[in-house]
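Could you have a look at this structure, given as structure tokens, before my questions?
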Amino acid sequence: MILDLFSLLAIAAGGFFFLAGTVGLLRFPDPLTRLHALTKADNLGLGLVVLGLLPRVDWPQGGLKLIVVWLLVLLTGATVGQLVARVAQRPGPRP
Amino acid sequence: MSVAWAFDAILAGTVLGVAAWIVVARETFAAVAGFIAYGLLLALVWVRLAAPDVALTEAAIGGGVTGVLLLGAAARLRGGATVPDVWPAAPLRLVAGALCTVIAAALAAVVLLLPEPAPTLAPQAAAALPATGLGNPVTGVLMAYRALDTLLEKVVLVLALIGVWSLAQDASWGGVPGPQGRAARAPDALVFLARLLPPVGIVVAVYLLWLGADEPGGAFQGGALLAAMWILMMMAGLAASPAVSDRRLRLALVVGPAVFLAIGLAGFFSAGAFLAYPEPWAKPLIVLVEAAKIVSVAAALALLVAGPPQRSPR
Amino acid sequence: MPRRAAPAMADLLLAAACFVLVMVALGLVRILRGPTVADRIMAAQLLGTGGIATLLLIGAATGMPAAVDVALALALLAAFASAALAYGTEGPDDPGATDRG
Amino acid sequence: MSQLFGLAAAALVGLGLYGLIVHPEPLRKILAFNLLGSGVFVLFGVIARRGAVVGTGADPVPQAIVITAIIVAFAASALAIGLLLRLRQTTGDAAPPTGDGPP
């Protein structure tokens, strides 16, 4: 019961960060600020959802796989962020 | 109805919206970006349809490898003069639209009027499963029940590759695919990603291959993932694209179909039929074929993306 | 491996999946409309992450253990797709390529 | 429940066919053709889902056929794009391979 409550709280918090990421992506004025908003959804949104699901899976394989997924997204997210920032600095049509 | 129904409705609506965008988008690059998103969304649809094997394939092929193929084509086509945007006249478009609506409506009617109870081959497939020693019915169907399809499909991949290669100019036949000197400009972040991702990708691909016997996964899914990793390394300039005439490359391409065919022919003697497996050896043989297949699938997919040879052999 | 959740919990998990999916769908507007290449890559990245979250939530709600494996593959491929979007936009003879489509 | 995806699949086939017929650009025709194909695949998926029996989520036979089909569709797209690029190379930039119809 307490674990269920924990799951729901963590997942709800994760959902909030996805909301923040999407709103930022849609409303922020230029690519670099949008990138700032997006990374929050990437790292924290998924991280909190994974955290919320951890008590609901079998250990060790299920839980470890979940954590691996999150770590992978963290690493690639940071790297892709660099790529995006580089692309954003190219000359091109501005919003 | 329920939360599950609401989820499916949102998902179906999003997929249709993206599909409509792909058709009407003005810029080709935007349409291709939409197509990548479409592939990832379809993977969710397949999970909802209780088909994780297909979801893995769709994510890897639809979103990943096809996406790169189309992006490359869009970038290369962009160099020349712009294509005159001659859409058919409005009445013709209207007729085409009406025709397509009729076809879609007919299909929708078929979906709504599907026979009840649904015809199914699942019991037969499940009954044949113990003889193969496998736990994943989809792999069972691919490798035993419909093995001929799978074998021919390997051959189709190789034939398509021969087709693509034969489009090369005479001077570059047997040469190296891809335009020259492109990878030299790879940005640091891409190089880092190409160092980071492939080791993980290879582990996941082998894991999927191993898992394929009993859980969703298999040689196609693993092979597509391997191909994606190889393409990433070629994009970053960490791996040179191989010359088409390279003997090791050609060996990698044919090892899958060849092992499959050899074991299939051996089936005449050991089990009395083409592509039949002798009972106690079924599972090890199938795993062997899958292992050979993953190499060929990965090589064929990556080279199909790389395209015809464009630089002459040294 | 996720176990099948109790009905009430399953509905809540699915509702969370719905929510994340709607967020992703809204974010898709950026992949479709741009205006810059960077925006499209970011939206693809959000789609990847959100898709993984949705997948994990569905997997937990309906007791489908394979969903985690699909999520693992998706994590790799979303990064691959983002890299391809970033790099594939540069044509071979066109170093300063911009989002001309 | 799976009927919903069946209807979506029917609409996808219609959309893809429309794009295939009316779009002037060959690359976009290839894209549309892929949409059409994916609609057919999802239709297969719906039929597989309906054919589920106790113990399996869906009938494995259509699933296996769809996996094969996805790979073959990719091979066909790659060949089509190869032909398209070669055509562009041969005809040169001044005379793009499109007119009123497919090249």
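When the chains are written out, they are named A, B, C and D in that same order, and each has its own residue count from 1.
FYI, contacts are C-beta pairs under 8 Å (C-beta built on N, C-alpha and C of every residue); 3 or more make two chains touch, one makes a residue touch a chain.
The shown structure was predicted, so the numbers you read here are calculated from the model rather than taken from an experiment.
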Checklist entry - Measuring centre to centre, with centres taken as mean CA positions, what chain is farthest from subunit A? => result D
Checklist entry - Which pairing of chains accounts for the highest number of C-beta contacts? => result B-D
Checklist entry - Measuring from the mean C-alpha position of subunit A to the mean C-alpha position of subunit D, what distance in angstrom results? => result 31
Checklist outcome for this item: Cα centroid separation, subunit A vs subunit B, in Å, comes to 28
Next on the checklist: Averaging over Cα atoms per chain, report the distance between subunit B and subunit D in Å.
Outcome noted: 12
Checklist entry - In subunit A, what residues contact two or more other chains? => result 72, 76, 79-80, 83, 86
Item to check | Residue numbers of subunit C (touch at least two other chains) | outcome: 24, 37, 43, 48, 64-65, 69, 72, 76, 78-79, 83, 86-87, 89, 97, 99
Item to check | Interface hub residues of subunit B, defined as touching at least two other chains | outcome: 4, 28, 48, 50, 74, 76, 79, 187, 190, 193, 197, 200
Checklist outcome for this item: Listing every touching pair of chains gives A-B, A-C, B-C, B-D
Checklist outcome for this item: Per the touch rule, the subunit A residues reaching subunit B in their complex are 72, 75-76, 79-80, 82-83, 86
Item to check | List of subunit B residues in touch with subunit C within their complex | outcome: 2-4, 6-7, 10-11, 13-14, 17-18, 21, 25-30, 33-34, 36-37, 40-41, 43-44, 47-48, 50, 52, 55-56, 59-60, 63-64, 67-68, 71-72, 74-76, 78-79, 179, 182, 185-187, 190, 193-194, 197, 200-201, 204, 208, 211, 215-217, 221, 225, 228-229, 231-232, 235
Next on the checklist: Applying the document's contact rule, which stretches of subunit B touch subunit A when the two form their complex?
Outcome noted: 187-190, 192-193, 196-197, 200
Item to check | Residues of subunit A touching subunit C in the complex | outcome: 4, 7-8, 11-12, 14-15, 18-19, 21-22, 25-26, 31, 34-35, 38, 41-42, 45-46, 49-50, 53, 56-58, 61-62, 65-66, 68-69, 72-73, 76-77, 79-80, 83-88, 90-95
Checklist outcome for this item: The residues of subunit C that touch subunit A in their complex are 1-3, 5, 9, 12-13, 16, 19-20, 23-24, 26-27, 29-30, 35-39, 41-43, 45-46, 48-50, 52-53, 56-57, 60, 65, 68-69, 71-72, 75-76, 78-79, 82-83, 86-87, 89, 96-99
